[in-house]
């Protein structure tokens, strides 16, 4: 897959995935420690390293702490990560000493479904015992959701992904609203930012309900409402996301090219 | 003390129908060759355990070796779905597959408890998720000091754990390095342990990041060069990413899948997919 | 991110009167120089924590720096008693010393729970011993799966943990190797972390058995060559066994002890005992 | 301290410590894995390695598994142990994965006091809050006592050490008798052998009370009774310990000489 070639035809030179990656990378500006999965999060975290936050510490679930990959890894256990890491520890240690103890500043999550409290489903579509689509399952998501100091969710915005009611709750955002996270004993702040192909959402400080705070350039409110099955809260001072800069796109293309090596 | 055996003999001796079999390897050091030997020997009714079941588990499930899967994340990493895994869960083909699913941290701590001789382990997790109601090996305990409620997971002690490693010495000590994941805990939790290795050497070179499992906690060591293929073994072989991508097409169709297994595994042709 | 500081400044910044201070080092990498600096700065009312308090703890206790000691085994290893420790417990000199004692496994697991962000840890132990009645940080929990009763120990989260290591790099990452005991857990359990090191280097060489603590979990790194003396630092210095033996005579008598401290620690003469 | 020189004058060429060490080494014949403390146990385990059980795996509390010291270590964390070990692990791992899980076949213990059920005191003589002698404390003893598959106790036999009632119970033998170990959830068999300067004791299979089963050569029943404050059970077929052989003594002296290096 030669992403550069396919995308270059698209005006204005980037596609929704690019926008999501760039927005995620920007959200890492000045952050110190980030827990990374494969796909968009890994690309975003490495883009942040390649642009404004070169000292960002990448922690992968496989036990690699402070990985400094020179190419995008193929899996969270890519040998490149182990070879460039400050330290490689066991999986029990990663979860118990590093994630659960709240040492990770930002964790990324994605999912097949999300509800208005940013709870996520990556387990099954349909009935659990007789699913229409069986998804991979929880993996590290429940602990990232519980214990990273903040979580950034990357998810496309549509009636398929944004749902009134999850078919299964794999990992938590804010449960049914304020107080749930504290009751569960979770110390992380939960999803403080949701990045979609249409814009950014943040939890309302009072109600925990996701509120659209930023639209990507070229997206209007009607399009967002049409993509969301519930009456989506909108920030009064709705902002417009800065499109990817030339430098961001150049660095991103360079990173993506490493995956074809 | 570990016996150094042929892989076929080791599987015959250590893995029996109905056993609970953990085969670990967190994206690295995956015991693929051992899994293929289990398919060749036609084991049935296994409870298979792994944090991240991938292609070799898809193959075992598709061949009907498993009655139950205990897992955390079942996918073709970097590619997509495991189609045999999905088919088994969604339609019960070729045999119904009972599942017990956990978060990675939860299943990891089940091994930790098992390796520690404890009946359970505690963690912050599971509360608020649907896993709590679906998984009988997750319950709640209260901290006797603070009153906080925490999740408890039952210890997991597999009948046999199989892992892949870089080297064994002639006494049966095992050395692995790179990402070792939960391999040590899975091995120490098990009643029986089989390690497949790339190479048998006279003496280990001390290695940064090296993890040694002494021979006296291992039952059998079997030489299986490229035994993690198409995954990788640090210092020996790289991941064949094309094989992961190719698996998607092979595994989507039941007949194509069976034909592939027959050709590459049962007939003993080299287990390479592309 | 760790500041690279002078030892005196680091102690001044990080260790305050009344703090709970863990200084670990399981027979190796013992932060003796840091302990001496605490004595020089005259800290009081500390709760000192260590699995195996030895000479440097005897010195801190004998100088009245501690109001409480949390420990597992207090002795002069290979020699005999710690006389200042005994004097404090047996007669309250120079100040009464409250004690909280554990088994090594129990105190170790208090650190593990602390490092894991859990309020407690479980283990098989304590039942049948007198420790259970004497130590408030030991209680009982019941396994929600098997009904078995197990010992629970409360998490320990020191205000500050001090450890000694071989090397730091200029960014403040720390590398230790050899017997690292419970150093990682003690550091990760603490609110603040000070590491004294033999040497500050440009780049680490990967080491078999090397343990890296990243700079972002450390507050300060201070250079303290021979900082574990008379204990040893693998790769840098051997244990001075004569100093351990000599300590027995020095510490038996209160006046001799105080004179030794005045001469070797307060006056800043090199802290060597023989 | 030049032990060899002092002892050579003693007829018959060995002293009670030597006898205890040799008896302990013999008890390790054919054993696989042994947990070792400093002092007599370390000497005994290394004597076993130097004589009949060269493959004996020595595990020290400091985390060294399979140490093969060429000289007697000065402490359980001697650098020599780390350098010769098959594996060096953390202290949490030693206790949780290796001792508690029951992987150690034989553990050694010593103490200031022992009662008839082989319970041990290494904490304090006199009242706990105002002890006449404060001892070092528990260390690793409680876990060794709980979880090693068998325990060998090395202790001199006298009214000071053998007591009707411990001043403090630091680690358990058989508690108050049969059933206690099971009730505590301990999986090890407990002290199956007590080696003193006078002979060997073993727990009665029915009552768990220590029974004198062997006397060292030159020791008679009266001397044993005089050294024991309770009415000590005696085996019907009381055996006589074989004195240290010339080979055992030669190897022992060679080992001890390494400590003076």
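As written, the chain order gives the labels A, B, C and D, with residue 1 at the start of each chain.
Following the convention adopted for this analysis, a residue touches a chain if its C-beta (ideal position, glycine included) is under 8 Å from a C-beta of that chain, and two chains touch if they have at least 3 such contacts.
Just so it is clear, the structure is predicted and the values come from calculations on it, not from any experiment.
Chains making contact with chain A as well as with chain D: B, C. For the pairs B-D and C-D, the larger set of C-beta contacts lies at C-D.
Measuring from the averaged C-alpha position of chain B to that of chain C gives a distance of 40 Å.
Between the Cα centres of chain C and chain D there is a gap of 28 Å.
Each of residues 117-118, 123-124, 148, 150, 184-185, 209 in chain B touches at least two other chains.
In chain D, the residues touching two or more other chains are 96, 100, 147, 187. Taken as a contact graph, with one node per protein chain and an edge wherever two chains touch, the assembly fits none of the named shapes, being neither a line, a ring, a star nor a complete graph.
The complete set of chain-chain contacts reads A-B, A-C, B-C, B-D, C-D.
Against chain C, in their complex, chain B makes its touches with residues 117-124, 137, 139-146, 148, 150, 152, 154-155, 206-210. Put simply, chain D touches chain C in their complex at residues 38, 61-64, 74-79, 81-82, 88, 90-92, 95-96, 99-100, 119, 123, 128, 130-134, 136-143, 146-147, 168-172, 175, 180-181, 183-187. Of all residues in chain D, only 32-33, 57, 65-66, 86-87, 96-97, 100-103, 147, 187 touch chain B in the complex they form.
Listing the residues of chain B that touch chain A in their complex gives 26-28, 51-52, 71-75, 77-78, 81-82, 85-86, 89-90, 101-106, 108-109, 111-112, 123-131, 134, 148-150, 178-182, 184-185, 209, 232, 234, 238-239, 241. By the touch rule above, chain B contacts chain D in their complex via residues 1, 115-118, 173, 184-185, 188, 211-214, 216-217.
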